[in-house]
Amino acid sequence: MSAEQAKPTDRPGLQTITEGEFAGWKILPRDTFEWNHCGPFYSRRLPDGTIECAFKVDKRHLNGLGVVHGGVLMTFADHALFHFAQEDLRDAAGAVTATFNSEFLGAANEGDVVEARGEVTRAGGSLVFVRGILTANGKPCMAFSAALKKIKRR
Amino acid sequence: MSAEQAKPTDRPGLQTITEGEFAGWKILPRDTFEWNHCGPFYSRRLPDGTIECAFKVDKRHLNGLGVVHGGVLMTFADHALFHFAQEDLRDAAGAVTATFNSEFLGAANEGDVVEARGEVTRAGGSLVFVRGILTANGKPCMAFSAALKKIKRR
Amino acid sequence: MSAEQAKPTDRPGLQTITEGEFAGWKILPRDTFEWNHCGPFYSRRLPDGTIECAFKVDKRHLNGLGVVHGGVLMTFADHALFHFAQEDLRDAAGAVTATFNSEFLGAANEGDVVEARGEVTRAGGSLVFVRGILTANGKPCMAFSAALKKIKRR
Amino acid sequence: MSAEQAKPTDRPGLQTITEGEFAGWKILPRDTFEWNHCGPFYSRRLPDGTIECAFKVDKRHLNGLGVVHGGVLMTFADHALFHFAQEDLRDAAGAVTATFNSEFLGAANEGDVVEARGEVTRAGGSLVFVRGILTANGKPCMAFSAALKKIKRR
């Protein structure tokens, strides 16, 4: 099951990048697939209160055709879901992805910054629904939506 | 766009594993995300003519909760789509994933062998529809379906 | 929310058709959209224990191009989900469709018998996952999958 | 296949409602499932150029639990897709729904006005991707996304 503890952006251990292209963005270093093998993935809160996530495409992310592998985009989007839903997961011990849907809109290339923007479409007692769009250098590359299932606090 | 050249199983360069747990399975070593950072992913043709794909979960694949990251499962399923559809993509220069849908059915853990089985539900002139199931040590962990868009030969 | 009480096939009020093309199939007459405006939809249990659903296409079901409207197929599939899942919903007061995904594989025409076959891919404590295929006169016309959310007994 | 001729809002035969709750909205009377058995469905162009679709829930639309059947919402959303995409389908002879995905966010009740708002996320040469939200009296009741496949002009 695709699982993330809630509230990654405001969590203890979160570090702020101080230099380079992602200065001002935050990361949470962890010994996970996201961090070591697909990421790092960055996040920041925009002035309007919404969360934005981003990563920069490098050689590791490419498929046999030389563009970003769909699996990388889905991994990144799955990660972003939990950032978008974090306020609505505060009453839960965590959450897992129950369903994930995507439409591939365009290619992302080496050197592109891929950004995720999204929103909660409905926060229920046990399910939280989220949707979003990935862009690569500002051009749409994937639309996605998902249902997250809360893990109850014991 | 999630892209793969067609016919990975029968392609030049395909190597057969000769020892260990995946003896008899085939791999295609390539400098890609699948191979270096998420895989290796194995495939074999069963006696009934269908294709099966598999990989073994290791520490790299885990998320913050210690189970396989949903992004890994989606990357592997996206890879398997092209194996299942290879016969129906022979008239194309390749194909890309246009849409991908998944339901997460159960967790996969370190040491599990995750297998993908699936089928083409319809092969059209420009779109090929595929669906499948991932199991982890024989227990369902993800259902998925997708539309692949053929890249025309020039 | 897309909602159905569980166990339609074995429910009180279920009637068996005794003549015509659907002799031996069962229906549940109710004052609903399914029954009065889209159906009637039939169901029967096959010797292997699985449930099959069916309806016959008439003029009412057509769209502007003269083939069955996608909405009719999705209504019928949404209905069939609850037949396929009925054994796994016995411990619940009912269930609602939480997510529904479909791929349109081919057209259905006036006079065709559309059949639904499917299976539960995973029955959890609160979510039941189902997938299936619609055929029109034996040819695939839609693949679908869904997550049903149980309504707890009070 | 779910099929609609493109450009319903600006098409010959389109009529403007002159009185009642939907005064100023447009309809296209046709002998179809949408019109006779599920609709009528209304549409209008808002000052910002976007298209909005709507219908009013009556007894016909209800399921066994007394709320709007999920099939009605999916039929209406499938209809709305073609309104949202009409500008991007002008170069085609028409289009069909290739894939449709939905998340059910909340119930719609008798007497509610259900509205559809949406957008094209990407218009390609053969596929047009659309997403949207249905609201019932202003509250979210379904999120949806789809891939439309253009029918080539001969």
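Every chain is named by a letter (A, B, C and D) in the order it is written, and numbering of its residues begins at 1.
Heads up, the rule we're going with is that a residue touches a chain if its C-beta (ideal position, glycine included) is under 8 Å from a C-beta of that chain, and two chains touch if they have at least 3 such contacts.
Predicted model only: the values in this text are computed from it and were never measured.
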Longest centre-to-centre distance from chain C, chain (CA-based): A
Between the pairs B-D and B-C, the one where more C-beta pairs touch: B-C
Distance between the centres, which are taken as Cα means, of chain D and chain B, whole angstrom: 35
Mean-CA-position distance for chain C and chain B (Å): 30
Per-residue multi-chain contacts in chain B, two or more chains: 98-99, 101, 103, 106, 147
Chain C-touching residues of chain A, taken from the complex the two chains share: 98-99, 101, 126-127, 147, 149
Chain D residues touching chain A - in the complex, by the definition given at the top: 99, 101, 103, 105-106, 121-122, 129, 131, 133, 140, 143, 145, 147
Footprint of chain B on chain A - complex, ascending: 1-5, 30-34, 36-38, 59-65, 67, 69-76, 78-79, 94, 96-107, 141
